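Read the structure below first, then the notes.
Order of writing sets the chain letters: A, B, C and D. Residues in each chain are counted from 1.
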Amino acid sequence: MGNSFGRLFRITTFGESHGKALGAIVEGCPAGLEINEEQIRLEMQRRKPGQSKITTQRKEEDEIEILSGVFVGKSTGTPIGIVIKNGDQKSKDYSHIADKFRPSHADYTYFEKYGIRDYRGGGRSSARETAARVAGGAIAKQFLATKGIQIQAYVSQVGDLALQKPYTSLNLDLAEDNIVRCPDPEIADQMIALIDSVRLERDTIGGVVSCVIKNCPPGLGEPVFDRLHAELGKAMLSINAVKGFEYGSGFEGVKMRGSQHNDAIVNEAGKIHTTSNHSGGIQGGISNGEDIYFRVAFKPVATIMQDQESVNEAGETVTVSGKGRHDPCVVPRAVPIVEAMAALVLADFLLISKTNKLAEI
Amino acid sequence: MGNSFGRLFRITTFGESHGKALGAIVEGCPAGLEINEEQIRLEMQRRKPGQSKITTQRKEEDEIEILSGVFVGKSTGTPIGIVIKNGDQKSKDYSHIADKFRPSHADYTYFEKYGIRDYRGGGRSSARETAARVAGGAIAKQFLATKGIQIQAYVSQVGDLALQKPYTSLNLDLAEDNIVRCPDPEIADQMIALIDSVRLERDTIGGVVSCVIKNCPPGLGEPVFDRLHAELGKAMLSINAVKGFEYGSGFEGVKMRGSQHNDAIVNEAGKIHTTSNHSGGIQGGISNGEDIYFRVAFKPVATIMQDQESVNEAGETVTVSGKGRHDPCVVPRAVPIVEAMAALVLADFLLISKTNKLAEI
Amino acid sequence: MGNSFGRLFRITTFGESHGKALGAIVEGCPAGLEINEEQIRLEMQRRKPGQSKITTQRKEEDEIEILSGVFVGKSTGTPIGIVIKNGDQKSKDYSHIADKFRPSHADYTYFEKYGIRDYRGGGRSSARETAARVAGGAIAKQFLATKGIQIQAYVSQVGDLALQKPYTSLNLDLAEDNIVRCPDPEIADQMIALIDSVRLERDTIGGVVSCVIKNCPPGLGEPVFDRLHAELGKAMLSINAVKGFEYGSGFEGVKMRGSQHNDAIVNEAGKIHTTSNHSGGIQGGISNGEDIYFRVAFKPVATIMQDQESVNEAGETVTVSGKGRHDPCVVPRAVPIVEAMAALVLADFLLISKTNKLAEI
Amino acid sequence: MGNSFGRLFRITTFGESHGKALGAIVEGCPAGLEINEEQIRLEMQRRKPGQSKITTQRKEEDEIEILSGVFVGKSTGTPIGIVIKNGDQKSKDYSHIADKFRPSHADYTYFEKYGIRDYRGGGRSSARETAARVAGGAIAKQFLATKGIQIQAYVSQVGDLALQKPYTSLNLDLAEDNIVRCPDPEIADQMIALIDSVRLERDTIGGVVSCVIKNCPPGLGEPVFDRLHAELGKAMLSINAVKGFEYGSGFEGVKMRGSQHNDAIVNEAGKIHTTSNHSGGIQGGISNGEDIYFRVAFKPVATIMQDQESVNEAGETVTVSGKGRHDPCVVPRAVPIVEAMAALVLADFLLISKTNKLAEI
């Protein structure tokens, strides 16, 4: 259970880090959408390992192959099956780690839950699984683009280094111009230097990815349990290494008075909107047409290049050695994953919203 | 859609703030559980309006009536239907607000989504809906109690006033001894004074509810999308006025190095556990047997006793007057709601976990 | 689990035969639908016990109360909560049956599944639960009526007495003119006589309900698992006492050759349709715009007014005495239940179909 | 929507008849199950085209490749991804059929639903999709086998030729000894001759597959909507060409009196069971431990080797020519599909049943 996300626009993923392949099944994509495979590949490139000096140097081409659901370049309404082969699955020897529980990984919890686990590279718990999400999310993005909805994520914090300006004062287009994906070039340089120094210390560091959704129509989201921000929150918290989610005014908003926090509603030339946006574009769990924005906290990666004491399956004390090639900081590569999950959430709610009013059915 | 939560242990709610009644259907409660109605009533009392000077003075008895699913005091495995009558539903005149969009409420978004809305007291978007969740959550709690699982929430912040100590240094049993539900008596007094002063200013203020889950067995939660913390996050974000969720090290954790953040695993007298708990009791989305803890941010209540400019359904500028009896700060009454939702999440995962291993089936 | 039906247009029921009340929650009804309560009551009358000499003489008024989701006479898009009180729940003494397993009832299977059961009148396994379905189905019918979709069921067989003519040769409007709900007045009289004679023998007899759906637009139903006829089949098989389902040519169709069975497609004045309809209006699981028709087999009611040998919870041989007031044949009262379930299936698929084509989103 | 079946033990399929590949994702298989790939291949052989003179002569090897979820020969609890490559996908020219609606196929309904369709070999509507089901069902069977549950289907009717004996008088082990899969050798020969003669007439014919499930424990199935037989019915009706489903006494049972139809319950040496089995092993939607048996009606295949008049996408009258290699009768190859779907239903309910009683959790 838990391998699917969404109700009408729905992704299901399968695959382990070092199995034969990963895959995604995308259901509910409306028929007649032109599927741009090149754009899917570009998203895959943004997530791919080895893309810069501050990411893992592991080699994975992450080539996608579409097996179904697309005909003469268009979606047919049937499930789109995508497979991503794992390149070097057999090359490594994992016997040194086979029965050890790496600290702050999922080794112990998978073992407790299932009694058996694919220990190679973390198996299903590896962030490699998110490659399948990015592929599926790329299709959701293409669907949303036909409605003018845009999603852009960026790195807003690495360790202590945080962007102080609100997103409205930033040129988000600059985010993709540097390898850390921060839209402020100066702070981006500092972030890169910080990550690089952490890497040299054979350590890792956390960060925050922020995301802005523009042109979302009002009316998306469901009352009560499936609020738009609740689904966005679940989507983000389902990404590896995420520890927190906040939208609109977030945790800082708790310090405000209602009289400050409330967003005044005005009619500007026939368009109803709000003069401030502490609500983050969502009121009562439903989009109001303003920008949606949120922040996602990522912990420092658990795999460090240092020896750590731990325990093995037999309960014996063992040393887990830091080996291999890993990310010193996950946020630069997390940016397209955040966007992919946001796109999947919105695509699903957009479809549901077509069934709300009798007058439109 | 979105009126249900959970897969095996599942709640569905219905009802508007000023309709005839609210209700909850609880499905999947294992058969043979002794249902303590008195304990459900005690939970309802904790959420009830009018319980202290710092909550709304509205009168609602919130009496529950169990219509089905319980026989000779025990659950039968069939759905437990619960109804909560709305006491004074007809007494008010809402014509002054009928076509106005109150700032930072769900009036505008419901209107955009559905084209029609029950404007009395916010209808379905009212936090009154959470009464049904508390009733359902009380049953989940009783189920979890048979397995020794305990859930305790408390107020850890009101406006700027925040508990600085970690929960492990607090006596959580003290939380229910004061009306703000903060386990530090000194800070509780300050919080009460702050809320009271905000109330006199006819304003509102936000806060944070923290929650600790003890004795959760390892192995609860699903890989990938339905991680334990992702479902907890969704559950909390689905509560009215919530703006953020973090668990374990949360947003502060992003500043740490991996070497600091990793929780060392040890074997202590045959029991595997971790010496620190930045993971918050969850690794790879699955419980590891340590305490689970998280924080939930609530914005200041949108209903303030002040005049505000806004727009009506016709797009005309109007004044929304502050009237009626409302909470100056929602967190004291949110404590049992947070617990109820946490209980529903855990009950569901506990049932799912019984189907994971072939050896146990 | 298993108390809900449908994905977008969704009903959840709760309640036992002799508990305080039954109820239905209807989710996903598009906002703005005029809810005609009188029409719901009329459907309830058609299912109600005591309506004629060939049905049980039990007294239940089956009064519905709508608790939520309807405002100023219209659906608001939020869940419609309906409660049906059980009139005489406390009047009976069930101690004579409390620990006995009645033959061909669900007593033994509920006991095996749950270890506890509400033995009064069969509890949740009683066909009384279908009252909640008829209430919910009445709302689905009103939604479908706005699109011109009509559903009509009727009794086509009682014991050996079967209508030989196809539905296209019948005047279905006559079905409601007699108490057995058969559109052929002559055979209706024979059926009534047969049921009456069976009743006098203190026995019961089975029958078949047929159903025709007119004006269903093409494109409803999902490929693969959720085919339109598969959901119709599940819906019908979920009704108490049902043993079989067939649509279109059904079991008789297996004897045909493909060259006879295939429905030729023609263009008649711009409208594509088929010259025969062995397909029953469904091809590849999706409606093609022709009439949908199907048949549902009901076994003889298990409660007979005769003594039967059986076993009790302790495994001892006991006599189950026939007492009380029960239906000698269930099909006359099953007609509105079949219609209700068909309406729920179609309403759900109609909503889903609004999300299929990009060009219409 | 509609590409998944099951809740805890769940299959999702993707793929078109002439796309690159088909696939199945199997979720919820308990961890630790030894996966016998050879046994999966044997099931695939039973469904494979070209296996005898009375099936289509199309060549497809139907080789499965397991991509995930199995490690060192055992299930890990994570999704099992299976891919089946389509062998000769590019070889054919479909331009002659590209815009034509074949009679009694899904061409017209897919076109109406989606506005676009993969016309090659019927695309997603092709029975080729069931190859993925058989692969997934083979895993479900292996899970059930660990609990002693056995599922056996066989051909009981072809055209007018029907087995008259009940299954209890047959040696079902003989079914796999002949190419039509009928356990009565004499009637099997007649069936084979009939199918062969129909084939020579370039026509097709229908049939019935019967199925028996032995050793199913009591307590499987859910009350109300998800009754065991309702899910079995949906599962069977979701198979291509199926027109009807009946279990236990079925349509014939409607002619019986309750006093004949009721199954007497006895205690035989400490084991409670019934002396007859008109209930078909299911009472109130829940298994009672007796044999479960049901029948599934298949229409004659719509593809015939004859010219037929029809209409194309432009609404013009056209001739659809009978070409290619197709099954004259689908039931011999449907036998393993019926078993696969039954296995998926039971595996799902078996898991759910582990969460019913508090005493067992």
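The criterion applied here is as follows: a residue touches a chain if its C-beta (ideal position, glycine included) is under 8 Å from a C-beta of that chain, and two chains touch if they have at least 3 such contacts.
This is a predicted model, so every value here is computed, not measured.
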Looking at chain pairs A-D and B-D, which one is connected by more C-beta pairs in contact?
A-D
Of the other chains, whose C-alpha centre is the longest way from the centre of chain D?
B
Dist(centroid_CA(chain C), centroid_CA(chain D)) in Å evaluates to 26
Distance-wise, how many Å sit between the C-alpha centres of chain A and chain D, to the nearest whole number?
39
Distance-wise, how many Å sit between the C-alpha centres of chain B and chain D, to the nearest whole number?
45
Which positions in chain B touch two or more other chains at once?
1, 3-4, 7-8, 13, 28, 31-32, 75, 77-78, 113-115, 124, 223, 352, 356-357, 359
Quick one: which bits of chain C touch chain D in the complex? Just the residue numbers, please.
1-5, 7, 13, 101, 103-106, 108-110, 112-115, 124-125, 129, 157, 159-160, 198, 201, 203-208, 218-219, 221-227, 229-231, 233-235, 237-238, 243-251, 253-267, 270, 272, 274, 278-280, 282-289, 297-304, 306, 308-311, 315-317, 352-353, 356-357, 359
Within their complex, chain C touches chain B through residues 1, 3-4, 8, 10, 12-16, 19-23, 25, 27-28, 31-32, 65-69, 71, 74-81, 83, 113-118, 123-124
Would you mind writing out the residues of chain C in touch with chain A in their complex?
7-8, 28, 30-33, 75, 77-78, 143, 146-147, 223, 350-352, 354-359, 361
